[in-house]
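Pasting a structure here, questions to come.
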Amino acid sequence: MSKRHLLALFNDFDEAVAAIAELRAANIKGFNMDDLILKSPIEHPEVELVLGDKPVNVQWFTLIGACTGALLAFFLVSGAQANFFAQIKGGKPIVPLPPNFVLTYEMFILGGVFITILGFLICAALPAKRSALYSAKVSEDQIGILVKGDESAVAAFKAIFTKHKALEIQEEAGK
Amino acid sequence: MSITNLLTNWSDFRQQHPSAAHPHREYKWAMSIDLDSCTGCNACSVACYAENNLPVVGKEKFAHGHSHHWMRIERYWDNDGREFADQGAQFLPMLCQHCESAPCETVCPVGATNHTADGLNSQVYNRCVGSRYCNANCPYKVRYFNWYNYPTTENVWPEPMNQQLNPDLSVRSKGVMEKCTFCVQRLRASMNDARTQGRLVIDGEVQTACQQVCPTGAITFGNLVDPSAKVGKQWKQQQVDLNIDKQPKDAEEKAAKLRGYRILEELRTYPSVMYLEQLRESAV
Amino acid sequence: MEKDIREDIAWAQINKDVLKSLESPRRLYWVILLIALAMIGVAVGSEIYQYTTGMGVSNKNNSHVWSLYIATFIFWIGMSHSGTLLSAILHLMHADWRKPIYRFAEAMTTFSLMTAGLFVMVHLGRLWQVYYVMPYPNERWVWPNFQSPLVWDMFAIATYLSSSVLFLYVGMIPDLAICRDNIHAGWRKKLYTIMSLGWEGTDRQWRNFRITYLTIACFLIPLAVSVHSIVASDFAMSNMPGWHVTSFPPYFVAGALYSGCAAIITLFIILRYVFRFEEYMTLPIMKKLVRLTFAIAMVWTYLNLIEFASVWYGHDQTAKDQLIFKATGPYAPYFWAMIFFGSILPLMLAFKRFQTHLPILFVVSILLNVGMWLERWMIISPSFAHGHYPWTWDHDQWPSLVQWGIVFGSFGWFTLLFMVFCKVFPSVSMYEVKEMVYHRTLALKHKPAVKGDY
Amino acid sequence: MIENSFNRRNFLKVLGWGGATAALSGCGNTSVEDGKEFVTSYVETADYIIPSIGTYFNSTCAQCDAGCGIMGRVREGRVLKLEGNPKASINNGKMCGLGQAGVQAHYNPDRIREPLLRNGDRGEAITWEKALGLINEKVGGVNAENIAFLTGVVSGHDKALLKNYLDALGSGHHYVYEAVAPSVIRAANKKAYGVEMPRLRLDKAKVIVSFGADFLGAWVSPVHFSQQYARFRKPDSGERGVLVQVESKMTLTGANADRWLAIRPGTEGILALGLINALAAAGLSVPGDVAAAVGGYTSERVSKDTGVSAEHIGKLAALLKERSPSLIIAGSAAEGYAHGSQNAAAIALLNQILGNVGQTVEAPSSTPFPQMAPTTGNRLALQSLNDNMAQDKVKVLFSYGTNPVFTAPATMKLKENLKKVPFKVVFAHYMDETAVEADLVLPLNSAMEDWATVIPEYVAEGAQLNIRQPLMEKLYPGTLGLGDILLGLLKYRRPDEYNGFEDFYSYLRNAMVTNKDALGGASKDGDTFWEAALSHGGVKMVGEPVNLSGNVSATTLVVPAPFVEDATYPLHLIPAVSASMRDGRNANEPWLQESPDPLTTIVWDSWVEMHPKTAAKLGIVEGDIVEVASKSGAMKAQAYVFTGIHPDVISVPLGYGHDAMGRYAKGVGANAFKILDPVFDKETGELAMHETRVKVTKAGKRVIIVKDEGPAGGNQMGRKIAVRLTSNKVNLSEEV
């Protein structure tokens, strides 16, 4: 069964939140709340109240990245130094810990940052093609709600959106 | 593989130097300079120019502090406000001290300067990138930088002066740090000879250029590990221990003082050059 | 009290105002750009001369091996710390007045690091072998010397540069999407389309974005501190009198934040004037910034005094001699100028009437940075001139025109990068200004606090 | 050192070819790829030649007249470095910086490469045949009386050949000129001890009092004396010798003295007599006539005249009495006055009173071949030549080993007088000031390319003949040695005698081998003897010890009262002879120019030393360009202020201020020879070098002196760098 996309733009965030709440409450057939995407010009952490807590997994990437960076650094540096067991420098041990900790620390951060970014891209599914229904207004000052549902649900969507003073409702061109 | 190596030899890798527990095995090149014999004649310095292909930089560059004298004679006065320098001057031949715990080594970003197994502070010209950090960290300021490309500079080695260059060591190009090597080319030659004959280098078999030329024999050079070497005997007699930064003899009150000392020892560089204090007669 | 920003400002107006700054520049822009290019030309010419002739033309010498290059290197590294301060530290502290001004500060971080990196290379005697400093696998298993603070520098700066570029970029993605949505043709469209990675502002994107931004900010703060501590270790780890000081790392970090803040004030005033950003870069924000600068100036002054006092109180005669030399020798005019610009002049910032007087602030902020540059020079040159070994003291070394030329050109390089940035990327964070307005509006409405960080 | 027998000349040729190519490909700008050169591999080298391993050949240093034995390190046909010959009794394997720089004289880019004949202002290259033919023609055209041969110190076979040539010409004049030689001392020694240069045993002395003799720096045989000095300072007994230096300007030796006494210039004799008086007072037995003669020299008077405090005189006399033997040396500072001979005699008397003659002043050996004994030079010789030239008595002038145009004081007008000589032949290494004036310039081999024998004036033990042999093939085919030139000239005059010798080498070898019995080779065959002599660097000869006489008469001794002040020229000028520059002949060797002067650490320039008091009086600070004006001329140089000089004295180093010679010498510093006043020693007629009175004025400019010393000067700033201790705190005999 084919699905249709619908984008509604709102001026007011509170209205958009209300619209979402109503969508959830309406329990429209052929529509899953997971298929709702909120688009906003700024971050609205409040939406979690209506969209529900969604897990964020970037931190795991950070942890792995940072640990990998640190381990890599320490073993790279110490291993490289161990190759030169005949080259004493300044009377210090061949594998001197303080400098290696400094480098480990730096690489810990480097690994952390890099893999965090990687994690961000993966978790946020970026880079991506923009969805067909996109309005530049969303990056300006309007809130967009993108829903995906069965053809049958379209009318229900429209009703709810209009009720909540949607400025504009865009429909995907039929396939 | 280095990681295996690392894990196997961890305790060795964590060893500090210098330490009495891990002495040098076969060789530890060291020097002693008797300031009472040194007359400040500069022969050692010129010999070093001849042996080590040091460029003559000329007046203008000398004025800018670009001179290359691995062996330089410093001249100090001790007037204390008297009208005349009536006890003469104090001459001090200053060269790389080949510190056991050399401050220059740790700071080189590319590891161009290292401590060798025979106790030299080596400088790898090919590896040097010219950060000059080693010089910055050298308390004696005995490292000399190639500020210009001397081999191609006019009147440094004009034809046929270049034929005098010693082929046993390289001519350094611009951007490279250099310093006294204890005439490493001579050391290596005689160590190789000795090795092919299955023995160690005998005391006196190898001389540094400055030692060889010194008219008063103020410079003694040799293997500190070798019990028969004069340099080792001198160090021992003067109670200067390579491995400690504060010689116990300095704390003791003695009727007859010992003359041996190392310069800026308190910086814990553990220099390999011992100086013997200059003497002056009090009866005149 | 005046407001940091008007809450009734239209969001579309924000977009419009900021995007306006990306429009084709006026003639003056090109003139300044040409001047910057000419300055770079001077530096490039000097560097070519130095590269082909030898480091000697910079008029350093065997007992005075470092000079302006390293001093200016530290200066630029120091300058970079302001971006981190504003974007990361203040971000974690929820100081939302940072929002209109952090973007250009972050850009400044990146570009001053890029400038500083050049000095590392310019400084090398054998620039063509610079890759020896990097740990790259090779047949001979030769590695850099990991004990050297310069290698730590290399690691730290590489980490810092790449992290702050990523931080700048990640933070800019929503704005790039705005640019993409509002510019419809030309290379800019392509650039913004590619760089915005298809950002749509979905809840999922925002959610991950927030945690990412926060995480990197958390990393950046210790990183920034470590970078300048490591730069300080170049000196503190060595045994030169005047360098071998325990308090150097915090001293350097304070100095870095200080000079960075001063530079932000300068650029703040310029951008406010040039792009007519009066609505965003407001005087109350300036006031906060100036107060912050003042506080850091006092921290720096304190650390400076601590350094002097500990040397004075200690038993290291060599270091004491060095300090006396600095204050009374041939470098005394520069030393006292540094004290004046760095410690006395910022006292002005304590007075309210100056805190928003932009012309005065403009001049003062530049002078503060002159003072900070002098500070770096006063760390390097007098120490070399009067080190451990009296025979090699060198009191009359004066940097040659080649050195001055390259230092001069570095400002052109920074200007060029910054000017190009301002015309290609939004120098005010639009989405965050919107956030700021939004949250202040919410606060005005006395809305109950909502879940989340706000 | 090569002990086996081989054909040396062939060897050098092979080595030279291979060596030259190797040298070029190693260091030159041409390369094999350019096709500009051939590469000759070492297919057939002598079996002791291992590429990349240095081979050592012994020879004799020619950098000064001390005649040290040297050992040249030769690799791939190039001489790389000079070491001291350990078998040489003079220097025992040691060398000085000046000697080291010999290779730079050899490889000097400014060497003359072919004979040059004057054509207007230019020198035109000609062949040796033409050059020698021209000389022969010129000397044939004039009376032998009108031929003058001016040389530096000559000895050995060169001297013999030269004498033969002059004889062949019908006895021309031979002038031996040394610009800075101790010629007054030689005369005084001759009078006091019966020999010009007795052996001084520094190593035996317990106290040395040196009146301005810079025996560690530039006096007579510094490398030899330095070694003796080391043993004097640290004898086996552990009783460290005491050195007291009395002079007005600190020399290198003065800088090493236990006590450096700044004395008013010219009063050295008074101090010597005062010391005798003090010794007599202290109970030393002194002959009656001497005691009577010195009776007036009370320590108050001496102290007043000399400026040396009575306390120091007393201490010194006590030390001399207590520690015996001692050694009193008269040096250039004592001899450089109009009464220099008296000063030297008074000092010799002190030596004699102390009983040092025969103890630390020893007899030298005579040379069995007097015709090869060194002819030492003096400044009087140049004076006489100059007079003769002024009177047009010289028609053909040869000059070898000297540079009189540079070293003659301006008052002599030597350059003008030279122009009166119709034909001037100069044997030269560089186009120096004298060569520039020449009509014919004959380029000499360097000491590293030349054959010669040398008998040094000061021989450490016995009698010896040093050999100078080529260390490598000639750099330029157009140069010749003095021996070869003389031989070539002699072949014109005495073809029967000399045509049999292909070159000087065959002459020399023949002469040596013929006389091998007297040269210590009686038991060997000719070839063995020759090879042994070469590998040793010389031969020992059996010399008769000369008896020393010790009879300085005190009655004839008249030491004049100290100077009266001259209001116009208030200061004394001491022209200093530095260890590197000497009389200026080595100024074109860059190592020496860049080797800092030991006391001032100045490089690449001359300077005017003065005491801080003098400087303060004149308002001068370091680096001021000052004009030093004497009655005879003026020069400008930078001022250097330090306390190693008497306030009545200023000092300028000699050897700088060349206006020709080469790229490293030309234009460096100012020539102090030029402003010397024509004052002469009353007994010998020698130019009194220290008698010039000058005034010093600021010339207005100030420069930063180029020197090694930093802004801290000689101050250690409280660091423990160069440490000094009083000698009674140390037990030297325990030391290794």
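Descriptive notes on the structure:
Per-chain numbering from 1; labels A, B, C and D assigned in written order.
Note that in this section contacts are C-beta pairs under 8 Å (C-beta built on N, C-alpha and C of every residue); 3 or more make two chains touch, one makes a residue touch a chain.
Small disclaimer: the values here were computed from a predicted structure and weren't measured.
The fewest steps needed to get from subunit A to subunit D, moving only between touching chains, is 2. Ranked by C-beta contact pairs, the top interface belongs to chains B-D. The chain occupying the central position, as judged from C-alpha centroids, is B. As a whole-number value, the distance joining the C-alpha centres of subunit C and subunit D reads 65 Å. Between subunit B and subunit C, the centres computed from C-alpha atoms are 43 Å apart. Here the spacing of subunit A and subunit C, counted between their Cα centres, is 30 Å. Counting only residues that touch two or more partner chains, subunit D has 704, 709, 715-716, 719, 721. Residue positions of subunit A touching 2 or more other chains: 80-81, 83-84, 89-90, 92. Each of the following residues of subunit B touches two or more other chains: 2, 67, 74, 103, 106-108, 111, 264.
By the contact rule set out at the top, the touching chain pairs are A-B, A-C, B-C, B-D, C-D. Across the complex, subunit C is touched by residues 2, 61, 64-67, 74, 94, 103, 106-111, 127-133, 135-137, 139-141, 143-149, 174-177, 264, 267 of subunit B.
Subunit C contributes residues 53-56, 59-66, 123-127, 129-130, 132-133, 141-145, 147-151, 154, 234, 237-240, 384, 387-389, 391-392, 394, 397 to its touches with subunit B in the complex. Within the complex formed with subunit C, the subunit A residues making contact are 37-49, 51, 54, 56, 58-59, 62, 76-77, 80-81, 83-84, 89-90, 92, 96, 99-100, 102-103, 105-107, 109-110, 112-114, 116-117, 119-121, 123-131, 134, 136, 138-141, 144, 146.
On the side of subunit C, the complex with subunit A involves touching residues 10-12, 15, 135, 141, 143, 145-148, 151-152, 155-156, 158-159, 162-163, 166-167, 170, 174, 177-178, 181-182, 197-212, 215-216, 219-220, 222-223, 226, 230, 233, 431-432, 434-435, 438, 450-454.
Within the complex formed with subunit A, the residues of subunit B that make contact are 2-3, 5-6, 9-10, 12-18, 99-108, 111, 113-117, 270.
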